[in-house]
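Here it is, the structure in full.
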Amino acid sequence: MASSPLAPEISLNPLPQADGSCQYTCPTSRTTILTSVNGPLEVRPKDELPSHATIEVIVKPGIGVAGVRETRLSSLIHSTLQSLILTNHHPRTLIQIVAQIVQAEDHTSLPLLLTPLLNCTILSLLIAGIPMRTVGWSVHLAVVQGAKGIKGVEGQVFKLEGGGDDGMETEESEEVVVRNPNSEILSRAKSSHTLTFSKEGDILLIESLECSQGSGGESADGQGWDISDFLKLAEEGKRICCEEGVEIIREALADRKVF
Amino acid sequence: MSSLVVPGQPLGSASAYIPGPGVHIFNGQIIASLVGQVVTTTPPSSSSSSSTNTTTTTTPTPTISVQKPILSTTATEEPNATLLPEVSSTVLCRITRINTRQATASIFSVNDHICGDEFQGVIRVQDVRLTEVDKVKIFNSFRPGDIVRARVISLGDQSNYYLSTAGNELGVIMADSEMGDQMYPINWREMKSTRTGVVEERKVAKPF
Amino acid sequence: MAAKAPDRRRNNPPSHGTTPPVFLSSASSGAVKPKQSSRPPNEIRKIFLRTGLISSVTGSSFLEIAPLKLSISVLGPRPLPRTSSTPFAAQAILTTEVKFAPFASTVRRGYVRDSSERDLGSRLYQALVGAIRRELYPKSRIEVVVTILDSEDEGDDVNTVYMEEGKTTVETKFWDAGRSERALGVVLAGCITAASAALADAGIEMFDLVSGGVATSFVDEVGLKGKGVGDAVSNKLYVRDPAIAPPEGKVPLATCVLGYMAARDEISELWISGKVGTKNGTAEMDELVDEAIAAARSARGVLNEAAKERVQFIVDKTGTTEPLKEESTDVQMTG
Amino acid sequence: MPTLIRQPNSGERQPPPLTFSTSLFRQISPALYLQRHLLNNPPTRPNGRNPSQCRDFTLTTNSLSHAHGSAVVRSGDTAVVCGIRGEILTIAPGDDPSRFESYNGSPTSAIHACGSRGAGGASWGGLVVPNVELSTGCSKKYPLGPPGGLAQTLSDQLHELVNVTKLVSLDSLRIYDGDNDTTSKMKIKGYWSLYIDVLCISLDGNILDAAWYAIVAALKSSKLPFASWNQIEERVFCDPSRYHPISLRQSLPFTTTFALVPVPASAGGEVGEVALLLNDPDSYEEDEACEILTILSTTDLGTAQGDFSQLSLGKLRTRVEKIEKRGGWKLGISQIEDCTQLAASKAARYIHTLAKEQLTPM
Amino acid sequence: MSLDALEIILPGDALPQLSPLLTQQPDQPQDTKPRSLRLGPGLTLSPSTPSTPILPYRYGTLNLTTHTKRPTASILSTPRHYHPSPNDPVLVTLLRTTAEQFMVQLTPYTPPAIIPFENYIINNAGTTASARKSRPNLPIGATIYARVSVVHKHLEAVELSVPGPDYGEVISQKNTSSTPSGQKTKKESQSSSSAAAGGTTGAASLANRSEVTPYILTTSQPMTKLLLAEDTLGKPLLSAVASKVPFEMIVGKNGRVWIDAATQKEVVKVVRCFKEFDEAEAWNDDDGGLVRGREIVGRVCGR
C-alpha cells in the first residue's frame, strides 16, 4: 500500500484485544513502532481529573528497562496528545497509550524515535475511536552540510531555497535537507528538526536541536543556526505534514469497511 | 504595638485570663504557642451571659490570644494560613465526583481564607437541602466543576469531611453549563446559561 | 562509586563506575594540621538562621553554622493521602525526612537514603513530636523535610595518602572513635533548631520551641594510658558545640546530643555515645548533659530572635497601607 | 481587598454580580483571573511583571566547601543549588578510551557508541552526568519519594543540553600517564567524570532556565585538582596543591522559556483565541499555559565590556541551538522570531551577572 | 464535496453538506421554524470555531438522514469499544445487589452499570421490583437482558432499565419446567432467528431435553452490528447457520450474544460458527461474508 517509497508501512489493528492498535515502520529511518490504545477505562483515584480524561503514555524501549529518556519521550507525546484529544467527553476516565519500540537503529536517539512514535500513536487513536479535535502528522528533517554521497530514496533529499530538482547530484558545501534520515545520515547532520503539524496547519510540537560532532569546548563555539533558516524549514515541514501526512492517514483508513 | 512572643513564653496566670486561640495552659500558666502579637480582648462590661458564670464579680475576665500576622499579599496567596476545616465552618469547595448517594468535593477555602492544600469533603444526599429530603436527586443538585458554599457538619472518616448544603445561603454559587458557558442563578433550583439561555437544575445558593 | 545497578529514574555515570579522587601529598609537607578553633570550650559557634525564604511551602528556614548549611521546609497540615488505610487520626501525623545533598560531604553520597540519614530522621522526629500541639490538627499530616547542603568535613583526611620515599602509607591522622558521632551530632542539633524555626514560621502551634545542643568530653591523651574504662579521670574538658578536630593533645571520651525545650525545661530527645564512667553513679553523665543543655540554651536565644525577626518584618510591612509586594529575600551564603 | 466583579457577558436581565476577594477569585477560576489580567492593554500579569519581562535573578558561586564547583541561583521564588563533583574514571588496560573522545555518535543519544545499554539495565551515561532532585520539599505540588515525571524529564533535558551545546571540552577531562605538559600523544589512563547535581530548594515555575544557568555558572567557577597516573601504585593520584579550571566554550549558550496563554481575541469579527507569550513564567502561569516554548541560544556579545544592558541587541548575532515547543496549537511560527530577541537580552544579563560574580570570587 | 457515503471523514474536517441545513433555507417560508439538526454520535458543536460550527470527533462516513421530520447527522464508525447510548439492548451479568439497585457488568474494565429497582418492571401490570417481595432474587452472575436508559458523562455509572416482561433474567426455557413466579423467560427476542430460515419450528421442540447450558459469546462491535441486523447484514450468516442447526439467540449491543440450542453439541456448533466468522473478520468482505460464512458453516456443522 506504500504508494511512494517514502510512505510508511502501516498495518492497522494488529493486536485483536486492544481498542486501537497500529504497527508503523518508517522505511527510510528503519524504525518500527507498535502502539496500542485502550480507553476510556477506569482510572486510579489519585490520577482522576474531575472534568477530563487522564491521558497516560507509556513508552517501552527496544532494549532494557524504561529509563529517563523514555519518560521524556512519553511526556513529549503526552503534551502533544493533550491538545489533540477531546478529554472532556469522558471525564474521570483513563485513556492509556502503550508504545513499544520494536526496532530502531539507535534506541536512545530522541529525534529518530519521536516522529514514528507520534504518527503511530495518532493512527491508533483514530482506530480506537477516541474523540479527537483534529488529526496531526509529524516529520523529521535533518540539515546536512556537504551532501555528497548521501544515497536517499527518491524525493527524500531536497534543497530548501528553490526546493528545485531533488536529483541526487548536490555540490559539496551545499546545505541539503533530508526527510526522515537514518542513523548514519543523522550522525553527519548539522541539525535535526522534528516538526508536528495539525491538519489545519497549526504547529503542535517542535523539537529542533544542533547535532554537529566534536569534542566540545572552544571547537563548538561557532555552532547553531539562524532563526530565519528554521522558519523556512518549518514552512516546508508544514507542507509535508498537511498534504502528504493527511493523505497517508486517509489512505490507511480507506480500506477499512465502515458500517 | 505589643512586643512579639515566642512559643513557650508565659503570658499570665490561668486564673486571670480565658485562653483564646494561639495559647495553651501548662501548670497554671497561660503559655503562648505561636510567634506573634499578644491580643487581650475584654468582653463588653455589660453583664453578658458568659460573664455570669465567672465567680469574680470585679472586671470580667479578658480573653488572651496570640495572633500570627498572615503575609496576605495580592501577589501570592497566603502561604502561611495553616487552616483546617473545623466543624460548622463555612467552606468553598469544587465538586469532583457525583453518584446517586453522594457528591464528592475538594475544599479550597475555609471561612474566606484560602487553605494551602485541598481537603476532600462529601455532601451526602440527605444533607443537600432541608425540605423533602427523600426526593433529592444528586444529579439535579450538583455537577462536577461547580463551586459550592457548604458547611462542615462533622470531621467524618479518615479521608473525607462531611459537608451539608442544607440552608438558603448554601449551595452552588458558580457553575458552567453542559456546553461550558458560565451560568447565573434565576431561582433557588435553576441556573441559566449566559450564552445559550439553556436552563439547568442545581441546588443554588441565595446570591445576596 | 562502585558500578552498582543503574538507577532507572536518573542519569547514570559511565558503566564501570568512578572512584573519588585520592590525594597524594609528598611526606615532606607532613599532614596539614587542621586549624585549631580559637573559641573557648564553653562558647558555641555563631549561628546564622533565617525563616520564610521559600514562599511555595507553609514554613521554611535556612541555618548555617560555619561549614554546616541546611535548608528546611515544613509542609503544613496537609490532608492524609486518600487511599491510606490508617484509621481516623485524632491528631496530626508528623513525618521527618533528612537527606544529605550528594555534594554535601567529602565522600559523594548517592540519592538513596543511607542508614545515617534514616537515623537522623528518626532522632529529629523524637525531638519534635513532643513539642507540636498535634491535637489541634486532626486528620492531617505535617511534613518536615531537611536538605543538608554542606556539612562538617567528617571524612576529609581519610582519602589523603602520604608518600614516603617510594612507599605510600595510607595513614589517617585524625580519625578517632567519636569523630562521626560528633559530626552527626552537630548536624542533628542544627536540624532540631532550624526545624523548630520552620515550624514556628509555618504558624503551627507548639508547646515550646526545641533547640538542639551538643557537648563532648575530652581527656588528656597522656592521662588515658594504663587506666581502665570507668576509672575516675580527673581533668575532663567539656567542649560545647565541638568542631571536628579535637583540641590539642586531647582525646574525645563521649558526645551528647539533645533536643531541649528551654521554657519548659524538658529534654525531648537525648543521644549519648562514647565512654561514660559509672564509678560514682550518673555524676559523669549529668555533667555532660548539663553542658549540652547549656549549649542548647544559648542556641535557643538565636532561635527566638530568628523566629521573631520574620514576624516583625511582616508586622512592619502590613503596618503600611499599600498592598505588600513581597520582594525576594535573597540568601547570602558565606563561603 | 479589591473585588473583581465577575460579570456574565450578555443575558437580558443583569443578574446580581458575584463579588469575590482577589485571592478567592484566583482560586475559584484561575484561568479567568489570568485572562482578566492579560486582556487589559498593555497586558499585565498577576505577579506584576509585563509579559516580556523576566524575573531578576541573583547568583552566588563557590559557597559549598566539598564541591569542586557550586552555584546558587535564585530567580524570583525559584531557588536552585548546583554542585559539581569530579570523580576519577580509570580506563581498564584492555579498554579503548576513544568512546569518551567525542560527544557520542548520534547527536542526542545520552549513551556512548559502544555498549549503550547494560544487559537489562537502564542506560549508562557519558562523562558528564547531570541530575535534578525535586523531592526536597521545594513545593507542595511535588511529592517526596523517587523522582517523578517532571524530575526525570528535567534530568534528560539537562543531559541533552550538555550534549547539544558541548559546553565542556572533553580533552580537558583527560588524565595522562605522568606529567602531561608535553602535549605529545601521552597514553590516556583515565578521565574526570563530572557529577552535576541540581537540588531545587524552592520551586515557583521555570526551573529549567534556573537549573541550566546554575550548571553553566558552576562549571565556569569549578576547579579540578591536577590528576596523573602513578606507575608504582598503578593508580591515579591527585595533587592537592595544583588545581586547574575546566575549559569551557567561549560563547556560553543559555535557555529562555516562554509560556503561551490562550486569550480570547476577536480578531476580524471571529472570536478566536490568540496565544500571548509570557517570558519566564511562574508556577501559576505554567499551570494555566497551554504551551511551553524553550529556546537555547548563544549571543556573542563580542569583547564589548562595560555595561551590557545598553547594548542595542538588534545588531548582535544570535545563533539558536535548540528549540522545544510542546503542547497546544496556538503558537504562530513567526512569534518565535521575537522570542530570540528576548533570549538575546536575557543572555546579556546572564553573562553580565556571571562576569560580576567571577570578579569577586569567594 | 459530493455526498458520497463512502468518503472518509477525519476528526476536524469541515462538513459543507451540513451548512445548508443549519442556515435558514432562503426558499422556505420565513414563518416555519428552521428545522433544527439533531447531532448523533461522532459530531459535536464547537462554539470556539464559528466558521465550522459542527466538528466531527471520530473518523468514519457521514450518515445524514433528512427524510424524517427531524434531520439527524452522525458519523458512522465502528470503534472496537462499545460506547453506550440510550435505549441500546444489552446483555449484562449481575455483580451484586445493593439496597436500592442491581450492580451489573456492562463492558469489561469499566465501572459497573446499575439497574435501579424502580426501573425493573417484572410483569405486564408494570409492578416494579422496588417492593421487597416482588423483587426477583437473581443469583450472582445471572445474565440479564436490559435496555440502556440514562447515559451521562458526569454520572458515575450507566443506568439500565428492564422495561417489561420481554426483558429481565435470561433463563434457557427448556430445563426449568416451571418458570419462577412472575419471571418471564426471554424466549422470543426480536433478534432470535431460530424459526427464521426454515429450521425446525419454535421453542416447543427445545423443551424436553437433557441438561443443556446456553453459551454467552463475546463478539466484536462489527459482528454485533451484523447479528443485530438480521434481515440485512446478518442474513447470509444467520440463514446459513439456521439451515443446519435450529438455535435461539439474544444479541446485546455491548458485544455479548446468548446462544441456546437443542443439544449441547449444537450450541457449540453455532458458537464456533460465529467465533470463526468474527475472527476471520468476514464481515469486512465485499459480499458481507456470504461465501466465507457458508464455507465456515459447512466445515463446522458437517453434513
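Each chain gets a letter, A, B, C, D and E, in the order it is written, and its residues are counted from 1.
Everything below uses one rule, namely that a residue touches a chain if its C-beta (ideal position, glycine included) is under 8 Å from a C-beta of that chain, and two chains touch if they have at least 3 such contacts.
On a predicted model such as this, the values are computed, not experimentally measured, just so you know.
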Each chain counted as touching subunit B and subunit C at once: A, D
Chain closest to the middle, measuring from C-alpha centroids that were averaged per chain: D
Far-end chain from subunit D, centres as C-alpha averages: E
Separation of subunit D from subunit E, taking each centre as the mean of its C-alpha atoms, in whole Å: 56
Rounded Å distance, subunit C centre to subunit D centre (Cα mean): 31
Subunit A and subunit D, separation of their C-alpha mean positions in angstrom: 25
Whole-Å gap separating subunit B and subunit D, where each centre is the average of the chain's CA atoms: 42
Numbers and ranges of subunit C residues touching at least 2 other chains: 6, 8-11, 55-58, 78, 82-83, 325
Subunit E: positions in contact with at least two other chains: 154, 156
Junction residues of subunit A, two or more chains touched: 65-68, 71, 88, 91-92, 198
Residues on subunit A engaged by subunit D in the complex (per definition of touch): 63-69, 71-72, 75-76, 79-80, 82-83, 106-112, 183, 186-187, 189, 192, 198, 202-221, 223-227, 230-231, 234-235
Of subunit D, residues touching subunit B in the complex: 1-2, 6, 8-11, 15-16, 18, 21-24, 26-29, 46-48, 140
Contacting residues of subunit A [partner subunit B, same complex]: 48, 50-51, 88, 91-92
Partner subunit C, residues of subunit A touching it in the complex: 45-46, 65-68, 71
Complex interface listing, subunit C residues touching subunit A: 6, 8-11, 81-83
